[in-house]
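Below are structures written as structure tokens.
Both of the next two complexes hold chain A, though its partner changes from chain B to chain C.
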Partner chain A sequence: MFFVRVNMTDRTYSVTDVPEKYKHLAGRGLTSNVIADEVPALCHALGPNNKLVFSPGYTTGTSAPTSSRVSVGGKSPLTGGIKEANAGTSWAADLGVLNIKALIVEGFPEEKGKFWGIAVTWDGKPKVEFFEATQYAGKPLAEVHPAMYEKFGEKISVCSIGMAAEHGYSNSGVAFNDQYKRPTRYAGRGGLGAVMATKGLKFIVLNRAGAPGVEIVDKALFEEGRKKMIDALRTHAITKPKGGLNSYGTAILVNILNEAGGLPTRNFSSGRFEGAPKISGETIFEKNKERKGKEVYNHNCSPGCIIQCSNTVYDEKGEEITSCLEYESAWALGADCGIDNLEDVAKMNALCNDYGLDTIETGVAIAVAMEGGLIPFGDSKAAIELVHEMGKGTPKGRILGAGAATTGRAFGVRRVPVVKGQAMPAYEPRAVKGIGITYATTTMGADHTAGYTIAPEILGVMGKQDPLSPEGKAGLSRAFQATTAFIDSSGHCLFIAFAILDIATGYQGMIDEVNGVTGNKWSADDILKLGGDILKVERKFNEAAGIGKEADRMPEFMMKEPLPPHNVTFDISDETLDSVFGEL
Partner chain B sequence: MKIKLKLFANLRQYLPGAPIGEAVEIDVPEQYTLGELAAQLKLPPDEVKICFVNGIICELEKILIEGDEVGIFPPIGGG
Partner chain C sequence: MFFVRVNMTDRTYSVTDVPEKYKHLAGRGLTSNVIADEVPALCHALGPNNKLVFSPGYTTGTSAPTSSRVSVGGKSPLTGGIKEANAGTSWAADLGVLNIKALIVEGFPEEKGKFWGIAVTWDGKPKVEFFEATQYAGKPLAEVHPAMYEKFGEKISVCSIGMAAEHGYSNSGVAFNDQYKRPTRYAGRGGLGAVMATKGLKFIVLNRAGAPGVEIVDKALFEEGRKKMIDALRTHAITKPKGGLNSYGTAILVNILNEAGGLPTRNFSSGRFEGAPKISGETIFEKNKERKGKEVYNHNCSPGCIIQCSNTVYDEKGEEITSCLEYESAWALGADCGIDNLEDVAKMNALCNDYGLDTIETGVAIAVAMEGGLIPFGDSKAAIELVHEMGKGTPKGRILGAGAATTGRAFGVRRVPVVKGQAMPAYEPRAVKGIGITYATTTMGADHTAGYTIAPEILGVMGKQDPLSPEGKAGLSRAFQATTAFIDSSGHCLFIAFAILDIATGYQGMIDEVNGVTGNKWSADDILKLGGDILKVERKFNEAAGIGKEADRMPEFMMKEPLPPHNVTFDISDETLDSVFGEL
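So, the complex of A and B:
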């Protein structure tokens, strides 16, 4: 495996063996360690000293099921802290097949307003070529992605940034192709797209032709693990074919969170939205059936995924509006804005993909602006126009593009649902306490994926825990955060957790796969420790960046304002929050 | 006594015609439990994963009272 460093100051590159200290790391573990070692914590995220690191997980590029994830790391312009965002895409698998353990983008071009692309191929080792890409800037991604396939052939994968990143927004993601060449799979959170833009880098094109693939040290063990993982994913009710995720997509969660009183509505002023069913996974499924004349099951976002949860939303004529509309996006652009028009929500989702915006940050920022009186709650047409303004880079669009926290300041709004400057996702922390502890304490800023306690608190996965009770939730969040840091390094999609947290052989399967690839002999305890070590590295970076435990707090309104319908507040003490990392 | 009922995802087929997410009023005997209600509706036991009564997650032993709003979900996940 190789480290590939791309220097955008002079557009040169180097290929070296993986340094000894990083050999046992991959995915999030690797991106976070390289950032912690090489990026000054106090640097400006959009300045010359930040870096962007791409790393495939241990199993990415192998035949392990649902393992085509890539981690993207850097210092976040949104939170000011360390950031890892990951995505499922063939680009991830190709990076692994090209034997690239880390692709590190560094340097800073002096000439502003110009963009380049890089094309990575195999020539005995990874080879990088630069090409001019300024002509592709200032246009929606769906328009410019096809040019890459025309230029480099059909068998490539493409990473890119959109206009949001070009504008320097703290809300800007890094886009990757899906299985149908759409630029719609995002490492979306935390503004890493803008970091890539500051390097003058618009595209990273990978061509795996001739590359040797991922070396597997113990093939028998890997095969054993792979079979265990496949069995778990194919038998668990949530992940199996025509199971919950394959039928209804992640938006299946709209109704259950609404039922639990935990669906943040109209800028986190209620836990129930009367229009929730209209933007739910069930409605998407039923409308698609009516519009396509048959039941439409979901597809995979990346090669080798057997869960296949990506939906498509069709309009009345049966034409595609967007793919995929995730739960978080349906909620952020829907319930949180008081919008129940599914087609308009889907349209906004498509625009976010086109402009390179994170859907969560976009929806929450618009909802904050709605509370500030910019447009009324529920006005979907006006909301669509605001997303266009973000794409165009108008002054109003730029305020929104800076994220929910900045939008709150610009419009004098007190109820701003962020932690460490990052917008909260689709679970009300007052009604689901464990996820609130994760939002408050994760190194990432408010992030549900960092420690998804929703599994036991709402979904009955890995037992059942009362969502309204704070009892034992700090320990629960800590355990989920450490396990997640490892899963984010494994190369697997986090959704394997639904199956492997209930099916012990599946969990062992993940460990066997990783040990098979790497030749390590890690136990379940070891991987929990490895996950914890990643968190500690991230935490140390954040502390050096001035983001210590004082930042592990919820917005004041959540502690004071009772949330309907259960009329609950976020009643977790500072000591309990501090114990999450204090006892790690 | 009358209660309100909502079935979700694959369980919707056991309440044919009910609009998605809208409660249907049904009659059940006094002291009826969630489990008895699920059995009456012929819901496959392994498809009854999470039950809400008035927005609170409850077990099948929960005794219902007049006016309760019940929501039943099969195994689902997302994020």
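So, the complex of A and C:
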């Protein structure tokens, strides 16, 4: 495996062996360690001293199921802290196949307003070529991605940034192709797209032709692990074929969270939305059936995924509006804005993909602006127009593009659901305490994927825990955060967790796969420690950036305003929050 | 003396004796202690749990010269930390005469969009009456202040907030009348206007009729101190009649800082502005002489001030454009925006006063937006239009109204001259190291008045120190910050410092005045300790708000980009910065 460093100051690159200290790391573990080692914590996230690191997980590029994830790391312009965002895409697998352990983008071009792309191929080792890409700036991504396939052939993978990133938005993601060449898979959160844009980098094209693939040290152990993992995924109700995710996608959660009173509605002023059923996964499935004349099950976002949870939303004529509409997006652009028009929500989702915006941050920012009086709650046409303004970079669009916290500041709104400057996702922390503890304490800013306690609290994975009870939730969040840091390094999609947390052999399967690839002999305890170590490195970076335990807090309104329908507040003490990292 | 608490939830009030623990405090010392004791550090600054505290200094309301200052304290919406901003105005003196040690505005009206005023009179003790003031909202302050005089008579003083505060801007000040009933004296920095607006409070009218005045415990000592102070102020070159400040106002500093290479120009990209002479105090004086047909010396902003540094800028017809145009304002709206048209700068200053905006934050935000490409540097007409947009609350105006840091975020600008979210004032820290240390370390966010080392570094007060040298500047800043915290409690204007730091009897005069009023026997060492104690209280609040030593840092570009003409960076180590409070 190699370290590839791309210097955008003079558009040169280097290929070196993996430094010894990083050899045991991959994915999030690697991106976070490189950022912590090489990026000054107090640098400007959009300045010359920030870096962007791409790393595939241990199993990414192998035949391990659901393992085509890539981690993207950097200092976040949104939170000011360390950031790892990951995505499922063939691009991830190709990075592994090209034997690239880390692709590090550094430097800073003097000339502004110009963009370049890089094409990475195999020539005995990874080889990088630069090409000018300024002509692709200022256009929707769906328009410009095809040009890459025309230029470099059909068998490539494409990473890119959109207009949101070009505008320097704190809300701007890094886009990757899905299985149908659509630029719709996002390392979306925290504004890493803008970091890539400041480096003048518009595209990273990967061509795996001739590359050797991922070396597997212990093939037998790997195969054993792989089978265990496949068995677990194929039998668990949530992940099995025609199971929950394959039928209804992640949007299956709309009705479930609404039922639980934990679906944040109209800028987190209620936990229940009367229009929820209209934007649910079940409704998408039923409408698609009607519009396509048959049951449409979901597809995979990336090669080798057997969960296959990505839906497509079709319009009345049976034409695609967007793919995929995740739960988080349906919620953010729907319930949180008081919008129940599925097609308009899908349209906004498509626009976010086209402009390079994170759907969660976008929806929450619009909802905050609605509370500030910019447009009414529920006005989907006006909301669509706002997303266009974000793409255009108008003053209104720039406020929203700077994220929910900035939108709150601009409109003098007090109910701003953010932690560390990042918008909260689709689970009301007052109604689901464990996820609230994750929001508050994760190094990432409010982030459900950092420690998805929804699994036990809502879905009954690992046994059902009462979402309204604070009891034992700090420990639960801590365990989930540490485990997740490892899963984010394994190359697997987080959704394997549903199956492997319920099916012990599946969990061992993940460990076997990783040990098979790496030749390590890690135990379950080891990987928990490895995960915890990643969190500590991230935490240390954040503290040096001025983000300490006082930033591990919920916004004040969550502690004061009771949330309907359960009329509950976020009643977790500071001491409990501090115990999450204090006892790590 | 009394504590008056005004509860805006139900529009009631209470008058009590001064609690024992606060008896030795006044001005900044009192506001900061009350805020630290009563406001949760992590509350939302625009929420129900913030408070606004007004307190006159020890000598305010007495015949001590240049002592009509009032401190306004709260949690700042701009910095998220503690804030004390002060202003010179008859309102301050009247507060003292009314025997009000602290006027504390608390609570939160449920009904939004309505405003009230309060009128405070003397009836054996302070008496508060409420009146509806919604009809005065949404209008420039110069239009609505006269209504207060019509309503309550000519002998009142008026405190108010403008449209910037009504919009909830982090850049919104608290306005007070000057000696000509103009609403132009501001506790400007840090967004305390918006805090007052969230409480639904538009006006605080004071009528001193019948009030007993400030009790002076040791009249002889007070008189002695007062004479020493007057002698110092009347003899020092900077503060004497027809001296520097009385002739040219604070804008005398334009040419001086420009000469020193420390006049931040075009968003802190140079320390010298070729158009500086055109916006200087000397030019204002010369133009006024021509336009009024005689030499016009400056006037006092508040009763009893013998420095009299407030200028008036007249147009070609001899009509007033604005009063007063301070150095900071001429610089922020002029040099920092690359604007050398004095009349347009004065016009912008008048608009800031009318809309309730801090001129420093406004100018710096516009300059950042200029760098972001919104309008060109030097385009004064477009800049005037932007100030109007701030008043109107358009999306563009809201970005700027949220301050320079938010403007940088919205426009993806990296060169953003702020500390703790507050815009830097008119002294380039790369060219004047001591003031840079003050910017970085003061509890207030970048603030020259918190420790004005310009006195020795530029003006030769206390002996001249090389502004470019970092040598000994941490200790200098520490001493100035501690002394200033006491001066801000004394009731005196900071400008007494020029005289009393050079003339030892003047310094003793300040101490004698305060001891005379209070009956204390404080020594020079005592007041340094009292000042330091205030800083420690503020620091503790900030730390609890998540603003620790990592926030005591300059923006990265200041350490990396050499500043013309001296081509210097801010070369002060983190350890040196930390020693300012570490050794307090």
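Just so it is clear, the second predicted complex is superposed on the first by the 584 of 584 C-alpha atoms of A that agree within 3 Å, B and C clash if a C-alpha of one lies under 4 Å from a C-alpha of the other, contacts with A are read in each partner's own complex, and residues count from 1 in each chain.
Quick note on the criterion: contacts are C-beta pairs under 8 Å (C-beta built on N, C-alpha and C of every residue); 3 or more make two chains touch, one makes a residue touch a chain.
Only a predicted model underlies this, so the values are computations on that prediction, with no experimental measurement involved.
Peer 1: Now for A:Ile458: first (chain B), second (chain C), both, or neither, which partner does it touch?
Peer 2: In the superposition, A:Ile458 touches chain B alone.
Peer 1: If we overlay the two complexes on their shared chain A, which of chain B and chain C does A:Glu286 touch? Say first, second, both or neither.
Peer 2: After superposition on chain A, A:Glu286 lies in contact with chain B alone.
Peer 1: After lining up the shared chain so the two structures overlap, which partner does A:His566 touch, if you call chain B first and chain C second: first, second, both or neither?
Peer 2: A:His566 sits against chain B, while chain C stays out of touch.
Peer 1: For A:Ala251, is the partner it touches chain B (first), chain C (second), both, or none of the two (neither)?
Peer 2: Touch status of A:Ala251: first partner only.
Peer 1: Between chain B (first) and chain C (second), which, if any, makes contact with A:Glu259: first, second, both or neither?
Peer 2: first
Peer 1: Pick one for A:Val128: touches chain B only (first), chain C only (second), both, or neither.
Peer 2: The answer is neither, since A:Val128 touches no partner chain.
Peer 1: Quick one: is A:Lys396 in contact with chain B, with chain C, with both, or with neither? Answer first, second, both or neither.
Peer 2: It touches chain C, and chain B stays clear.
Peer 1: Touch check for A:Leu42: first (chain B), second (chain C), both, or neither?
Peer 2: After superposing on A, A:Leu42 lies in contact with chain C but is clear of chain B.
Peer 1: Within the complex, which stretch of chain C touches chain A?
Peer 2: So the residues of chain C in touch with chain A come to 40-44, 46-49, 77, 167-170, 194, 198, 394-396, 398-399, 401-402, 406, 409-414, 543-548, 550-551, 553, 555-557, 560.
Peer 1: Any idea which chain B residues touch chain A in the complex?
Peer 2: 6, 8-10, 12, 19-22, 46, 49-50, 52, 55-57, 71, 73-79
Peer 1: Please name which positions on chain A make contact with chain B in the complex.
Peer 2: Per the touch definition, chain A meets chain B at residues 236-239, 243-245, 247-253, 255-256, 258-261, 272, 276-277, 280-283, 286, 309, 326-328, 448-449, 452, 454-455, 458-461, 464, 466-468, 494-495, 498, 565-566.
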